[in-house]
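Each of the next two complexes has chain A plus one more chain, namely chain B in the first and chain C in the second.
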Partner chain A sequence: MVGLAEVGIAATMGALATIAGAFEDAESDVGSQSNPNSQVQLAPQMMNFHRYFNKAISGEPVSYMMYGAIAGTIAWVFMTKFGLPFLAAVAIGVGINAAVHMIFATTAHLGRIASAAEFGHPIYLDVVLSHLGPIAGFGAIATFCIVSLAYIQWSILKHPFPMPLLAALWGVTVGAIGSSTGDVHYGAERLYQHYPFGCGVPVAAHGNITRKAETGIRNSMDSVFFCSKFGNPATGLCFGLIIFFSTWAGLFGPWGGVIAMALVTLAALIISNRIEKKARKEYGTYEDVSVDEICDPI
Partner chain B sequence: MRITSLLLLSTVGPSGEEEEVEVHEAISSNLLRAVGVILGIFGGAAAYIHPAIAGMVAIAPILWGANAVREVANYGLGTGVPSIGYMGLGGGVVAAILGAALTGVLAFGSYVNAVIGLAVGTVVGAFIGGLLGFLDRKVIKMKIPVMTRCSLEIVAAGTLALMCLMGAVAGDFSWPVIHAKVIKTGIIALLWVLCAMSLLHPFNACLGPSETQERTLALAAECGSITATITGVVTLDPVLIIAGVIAWVITFSKFWKLTKRDAAEVTWTGIPPKGQ
Partner chain C sequence: MGLNARGFGISIPLLIAATIVAILGTWWLSIDKIIANLILVTFGSVLITIGVHYVPVGGAPAAMATATGVGTGTTQLAAGSGLTGLITAAAMSDKPFVVILWNGAIGAALMIAITMLVGNFIYIYGVGVPPCSAKVDKDPITGWDQDPYVTPGTEGHGIPTVSFVSGIFGGLLGGAGGGMVYFSLYKVLKMSPALAGITAMGIFYANSVLASYNIGGTIEGYHDPKFKRVHRAIISSIVFGIVAAIFTYAISYWVM
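Showing the complex of A and B:
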C-alpha cells in the first residue's frame, strides 16, 4: 500500500523538476548559451553585428553542475554547521551562486565580444546590464529547485550520497536535459525567417542571423520571450516526466511506470504533430515578407 | 616582469599537413609552468599552517593549466575547449585522490609527506594526461602536434589545483582529514567543477581572432580568485574569503582594463552598425 507521504514526495519532486527544467531553459535562452549559440558566436565574422548576449560559459551540464554544487554545498554547510532551517540556508547558497553566475556571464560576454574586435564588433554595456537580471533570476529559480531536489533525496529519502554531490549531479542532469530538449525550440523559427517555415539552416548560412525584431533590434530577451511560450515549458515537462516516471516505477511497480511512460510519450508525439500542423496551416510560410526586410543580408 | 617571447607552433592546414605559425606570448609559458609547479606543490603542502595559503596558491596551477588550454585550443577546438577542461579534471581527480591517499602511508612528517603526495599526484596526473594525449593522436588521429604535451600539462595542472583546494578544505594535506572532510562530504564535486571551470572558462570566454594571452590569463586569475573565495565560504574561513575577494577585485579590474584595450569599441548603447 502506497502511503500519502510517498505520493506527496513524488509529486513535489516532479513539480520541482518541471520548474527547474523550464527555468533552466529560459536562463540558457537569455544568454544564448544554448539557443542560438553558435549563430550568435559566428555572427560577427559574418559581419552581422548584434545586440545578443553571448553567454559562453562552457556547456549547460557543467555550468549547471557548478551552480548546483555551489548553492548545494553552501546550503549544506549552513544547515549542518549553524543548524539553519533549509529555506534560509538555500537562500544564502542560491544568493552567493547568483553572484558567481553573473560574474561568469559578464566575463564570457565581454571576452567573446572583445575577441571579435578584428571585425569591429562593439561592446554595448546596456546589453550586459539589461540581461544580467533575468540571467541571475531564472538561474536562481532553477538552482533553488535543484538544491531542493537534492535536499529531499538526502534528508527525507536518506540517499547514501552526501547532499553537495547530489546537488552537483542534479545540476548535470537538468543542464543535460535543457541542453538537449530546449534546442529543438531554439527560436530558429524566429531567427531564420528567410526560410519557408523558418526551420533548420545549412552550414553555409551559419551566423546569418536576423537582427531585426518587430520593433528595433533583436536581442536575447526576444529569444526567451518566444521560447517561453513553448520551448521552456516543454523542457520542464520533459525533466518533470523523467522524475515522475522513475518515482511511479517505485510507487506502482516497474510495469506501472512503463505503461504510463508509453502512454505519455505517445500523447506527446501526437500533440507535437498536431501543434506543428496547426501552426503551419494557420500561419503559413514567411514568403509574403521580402528577404531584405527580414534577414538583413550582408 | 613581462617576458615577450615568440613561440613556434605548428598548425594543421586544410589539406591535412602541419603548418608552422607564430603565436605571440606576453608571458612566457615556461615561467607559468615553473611558478605553477613550485607554488602549487610547496604552497599546497603549507595548508596545515593556514588553509588560506593552499586556497590562494591554487591560482598558480590554474594559470598554468589555462595557458596550456589556450595553446592547444588555438588549433580551432571550438566546442572542444570545455571538453578538454573536463578531460583535464577527469584524469586529475583520480591522480589527486591517489596523491592524497599516498600521504596516509608515508611517515616523514606532516610537511614532507604533503610535498611528496602533491608531487607524486602531479606526476601521476601528468602521466594520465600524456597517455590521453598520446591516444588522441595515435588512436583518434587528431592532427594536433602539441596535443600530447598540452594534455599532459592540463591534467597535471588540474590535479595540482585540485589537490591545493583539497588541502584548503581539509586544513592539512593528509589522507585522514581529506577523506573525512573532502571526499565523504561530497565537497570534492564542488572542487572538481570549480577547477574545471577555472581551466576551461578563460580561453572559452575569450575565444576569437582578437584573443590575447594577457586577457585570457587575467580571466584565469579571476576564475581562480572566485574558486578560492567559494572554497573560503564553504570552509567558513574568513581569511580565505577576504583574500579571495581582494584578489577577485584586482583581477577583474585587470580583465576589464584589458577588455577595453582589446575591444573594437566599448560604448554604453547604440544600434549595431552593418559590418563592412
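Showing the complex of A and C:
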C-alpha cells in the first residue's frame, strides 16, 4: 500500500515539474521559440518590423532534450568522478548549459533576423543583449528542475535508466508540453492582441503581429509578463500533473498503476468534454461575423 | 464505413493483438533471438506509426488557433507522449512483458490526455474559442455541430471530443509500441537499460517522422480524411522495423 513518504516523493516531483513547466514556457515566450515563432519570422515579410527576440534553435522538445542531457551528463560526471554532492554538481551542469543555451540563442536570433535584411529589417543589438539574461535564467531554472526530477527518480525510486537519460527524456516531455499548451496563449492571444478576444487567427491575418506595447514598442520581455499570468502556470500545471500522476500511480504496484492512470485519463476526457460543452453554450456561434471584420480590426 | 467504426476498429484489435503478444511473455526469450527481435521490433514500429496517426496535431497553425488539434509538431508530441510511456514502462523493467506493455501504453495516454485537457483550457479560457473541427460537420462521438463554431478563415481550433478520444488511442498505441520495442531490446537482446532506452527512443523518433511525412504535418484524428493514408505508413514502418531489428541485433552482437 502507498505510504505517506511515497506520496511525498510524488508530490515533490510534481512541484519540481510545475516549476520546470512554467519556466520552460516563460523561456520559450521571452525567446519566441516554438510554433508561434513562425509569425515573428513572417512579420518582416509582411512589412511589420518588430523588436521581438526571434530564435528557433529547434523544436522545443529537442532543445530541452539537449539542455537536460548536457546538464544531466555534466552533473553525473561531477557526482561520480569527482564525488561532488548533487546540488553542487547540478549547479555546475546547469551553469555550463546556460552558456551553451546563450550561444545557441544568439546565433539563432542573429541568423533569423539577418535573413529578414532583404525586407529592410534592422538588427537591434539592445534586444539581443537585454533578452539573453532572462532566456538563460528561465532556461536554467527549468533545466535545474528537470535534472533534480531525474535525480530523485534515479536515486530514490531506483529507475533503471541513468540520470542523464531520464533528464533528456523529461526534457522532451516538458518541451512537448510547453509547445502544446502555453505557446498557444502566446501565439493566438499575445501575438494578436490588437484583434478582438474570442476568435482564432484567420490565415489572412498571419504575420500581422501586435507590435505596440502599452508604452512604446513591444518586445519579448513584455510578452513574458503577459503570459506569466495564464499560459506559463497552465503549462506548469500540465507537466506537474503528468509527473505527479505517473509517479503516484506507479506506487500502487504494476496493475494498480495501470488502473489509476486509466482513471485519470478518463477523468481528463470527461472534464474536457464538459468544458467544451460549456464553451459552446456560452460563446455561441460565429454565424454573423464576416472574415473581413476579424481580419481588419483597426 | 463509419468514422467511429474506422477509428475504434483499427485501434482496439491492435491493442488486443499487442496484449496477446505480450501475454506470451517469456516465450519470446525461448525462441531464436533474431526472430523474436524481428517480430517484436517490427510490430512495435507498426504500433508507433499507427499511433502517431491518431494523435491530433495542428502544427504551427494550431498554435495560432488556426487549425484543430494540439499546437505543436506531430513528431514532437508523439515523442513526448511515447517517451513518457517509455519511462513508465522501464520503471517496470523486472515485471512481466504484459505489465511493461500496458504501463507504457497507459503512461503515454495519460501524458497526452492531460496535455490535451490543459490545451483546451488555454483555447477556451485564454483565447476564447470553443473547440471545433472544420473537417467534419458533426462530431462523430457527441454529434455536436461543428461548422457554426469555426472562426471564419480558420480550419477550426481546440481539441473537440472526437480528437481527444483519438489522441488517447494514439497514446495507447504509441506507448504500447515503445514498451514492446523496449522489452525486445532489454530482455530479448539483453542490452543495458540505458542502451535499450536510447535505442527505443531512436526507433520511436524514426517512426514518428515516417508518420509525420505521411500526414503532411497535421491531422485531427481518425475522423480526418488524411487518416485513410495510414496503410502507406504501415508498409514503410514494416520496412523500417526490419532494418531496425537487424541493426539492433548487430549492435547487441558486436558491442555487448
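We take it that the second predicted complex is superposed on the first by the 239 of 298 C-alpha atoms of A that agree within 3 Å, B and C clash if a C-alpha of one lies under 4 Å from a C-alpha of the other, contacts with A are read in each partner's own complex, and residues count from 1 in each chain.
Assume contacts are C-beta pairs under 8 Å (C-beta built on N, C-alpha and C of every residue); 3 or more make two chains touch, one makes a residue touch a chain.
Worth saying up front: this structure is predicted, and the values here are computed from it rather than measured.
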- Task: Using the superposition on chain A described above, determine whether A:Leu165 touches chain B (first), chain C (second), both, or neither.
- Result: both
- Query: Counting only touches as set out at the top, which of chain B and chain C does A:Val62 meet: first, second, both, neither?
  - Reply: both
- Message: So in the superposed three-chain picture, is A:Arg51 touching just chain B, just chain C, both, or none of them (first/second/both/neither)?
- Response: first
- Task: May I ask you to decide whether A:Pro254 touches chain B, chain C, both, or neither, giving the answer as first, second, both or neither?
- Result: second
- Query: Counting residues of chain A in contact, which comes out ahead: chain B or chain C?
  - Reply: C
- Message: Based on the A-chain superposition described above, do chain B and chain C contact any of the same residues on chain A, and if so which?
- Response: 59, 62, 161-162, 165-166, 169
- Message: Could you list, by residue number, the parts of chain A that touch chain C in their complex?
- Response: 34-36, 38-39, 59-62, 153, 157, 159-162, 165-166, 169-170, 172-173, 175-177, 179-185, 187-189, 191-192, 197-206, 230-231, 234-235, 237-238, 241-242, 245-246, 249-250, 254-255, 257-258, 261-262, 264-265, 268-269, 271-273, 275-280, 283, 285-287, 289-291, 294-295
- Task: Show which residues of chain A lie in contact with chain B when the two form their complex.
- Result: 41, 44-51, 56-59, 62-63, 65-66, 69-70, 73-74, 76-77, 81, 96, 100, 103-104, 107-108, 110-127, 161-166, 168-169, 211, 217, 296, 298
- Query: For the complex, which residues does chain C have touching chain A?
  - Reply: 59-66, 70-73, 75-77, 79-81, 83-84, 86-88, 90-93, 95, 99, 102-103, 106-107, 109-111, 113-132, 142, 144, 148-154, 156-161, 164-165, 168, 193-194, 197-198, 201
- Query: What part of chain B is in contact with chain A in the complex they form?
  - Reply: 79, 82, 85-86, 184-190, 193-194, 196-197, 200-202, 204-211, 215-216, 219, 222-223, 226, 230, 233-234, 236, 252, 255-256, 259, 262-276
